[in-house]
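Order of writing sets the labels: A, B, C and D. Residues in every chain begin at 1.
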Amino acid sequence: MTRTINEEASSEKAEARRMMSGLEYMRKIMTGELPPSGMVQLLGLKLVEVSEGHAVFTVQPDERHYNGLGIAHGGLAAALLDSALGCAINAMMPAGKVFTTLEMKINYVRPITRERGELRCEANMIHVGGRVATAEGRITDEDGKLYAHGTATCMLFRP
Amino acid sequence: MTRTINEEASSEKAEARRMMSGLEYMRKIMTGELPPSGMVQLLGLKLVEVSEGHAVFTVQPDERHYNGLGIAHGGLAAALLDSALGCAINAMMPAGKVFTTLEMKINYVRPITRERGELRCEANMIHVGGRVATAEGRITDEDGKLYAHGTATCMLFRP
Amino acid sequence: MTRTINEEASSEKAEARRMMSGLEYMRKIMTGELPPSGMVQLLGLKLVEVSEGHAVFTVQPDERHYNGLGIAHGGLAAALLDSALGCAINAMMPAGKVFTTLEMKINYVRPITRERGELRCEANMIHVGGRVATAEGRITDEDGKLYAHGTATCMLFRP
Amino acid sequence: MTRTINEEASSEKAEARRMMSGLEYMRKIMTGELPPSGMVQLLGLKLVEVSEGHAVFTVQPDERHYNGLGIAHGGLAAALLDSALGCAINAMMPAGKVFTTLEMKINYVRPITRERGELRCEANMIHVGGRVATAEGRITDEDGKLYAHGTATCMLFRP
């Protein structure tokens, strides 16, 4: 049952997305008019800034995000980075144009633990052409210390 | 309170890890003797195979893993790949030697939805030297169809 | 003058390329019917095998390829890998369809010097879809020892 | 014979390198006191700026750098980027400390032809720790138009 309701919600959200530009859509999520996606909720990520070619997500790491070594699993930084990079590129898409991420690369430069406090991932467009866009992002703490950085390549198209 | 218990558990697990080889540790997780990490539980990943330089994780994607476009968030495949790559490399580490992932790169070649059924990520060592190891992994469905693939570079050291 | 002749040659080659499949074209280079490209000649690379989704280039490293540290410059392995990956993907392209490399990633696992003897880079397709293809390659010596490995993402289109 | 002379030169250069900091060494190359490496000469690359964690190389692309499609081979941008990234990191190394590039990733965003004029690759450090450093670089023309960008991960050690 829950599954059916989720499916409808999921389909409605996908439809709503097609009717507006990427930027409008992301802003509605930021203000709470539209619910964040399942994964963003599951991991506790939060979209806090978005403009054309730019986005910021935050997360407070905790034990739910840990691997067996007592630090955050690499998947947390990867999901945070993917969210911010995708959102920065999405915010360049006019209504009716969508993107798909072809590849992402992430460098881990410091271990992430909950003691680091809230982390912030800022993503910015590097290049946007007719068919391809690239963006970069960096994950830092409140003191500006760097934890991870990376880039993504996206393909742009009209479905 | 919960936090304190988790912390203890986390510290015990880290200690336990140091006393055995990577392979012993991963096997105890696979058999259920040791609990999987927080992130593995949160995302519903499952370690199903591990041997020297080789590991397989599975996941059944569902709406909890979705992004706003009605497909799995890139973070799911990234976390699954990171788990399998890390575990394949971990399974080469003798007791007292650990690794840290320096970077990971993932290519997304098909969208992941829950209709795909259970996905499997198989990772294999490419190179292991004294200080650096690399591995590759592929995410496929039960028919062997490819969804994502990637590589990681790890640094090996004695803490 | 030389420049003008080169330009004509370059334009003729580009035209010739469009009239045949990628595989026909690569085979004509391998047999010497068509000249290899400028860069392949400059670096002394040699195409020695090509079939659908598969290619092998070789090179004998020497001091012309060195960096200031007395080993081969990273650009040599990168150019060798790019040649093999591109050729493996090119060999999948029907006449009239071309590809462009969006990104390449290379891992260096051992230093390359001329004492290693002839190196061989074997590339194989990982995925080919309607619009995107990925391939991987490995650089080894005659004993099969690994020096570098990497992947590329290409976009496929009709000009 | 030539080979023997080159070898001596190569060994002298490697020795000279060990006696000075990375920055001193790169500056002597820039001013012409020390000869550039074989590969830099072969491809016609030119070091034009270097300071701690920062370097700029230039190149005038021509047909010698071309692939079979009438544009510069991916290896040219890769070699240019690798030179600039390596030099930016080298310029952080005190005497007696060296680095090795573990991996490099490059995104190609526009085709390079000789009509573009002189290209410039500017590289800057992203992160430098005790054992690992990362840097990023961008290849642009005189108008600031972007052709390629990428990152590298290096391991730092005392031989």
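Heads up, the rule we're going with is that a residue touches a chain if its C-beta (ideal position, glycine included) is under 8 Å from a C-beta of that chain, and two chains touch if they have at least 3 such contacts.
Predicted, not measured: the structure shown is a model, and the values here were computed from it.
In terms of residue-numbered contacts, B-C and A-D present the same interface, as over half of their contact pairs agree; the other options in C-D, A-D or A-B do not. The chain pair with the larger count of C-beta pairs in contact, out of A-D and B-D, is A-D. Work out the mean CA point of subunit A and of subunit B, and you get 21 Å between them.
In whole angstrom, the spacing between the mean C-alpha positions of subunit B and subunit D is 35.
Centre to centre, using the average C-alpha position, subunit A and subunit D are separated by 33 Å. Counting only residues that touch two or more partner chains, subunit D has 102-103, 105, 107, 132, 153. On the side of subunit C, the complex with subunit D involves touching residues 3, 6-7, 10-11, 13-14, 17, 25, 29, 34, 36-43, 62-70, 72-76, 78-80, 82-83, 86, 98, 100-108, 111. Residue ranges on subunit B touching subunit D, taken from their complex, read 102-103, 105, 131-132, 153, 155. Residues 105, 107, 109-110, 126-127, 129, 132, 134, 136, 138, 146, 149, 151, 153 of subunit A are the ones that touch subunit D when the two sit in their complex.
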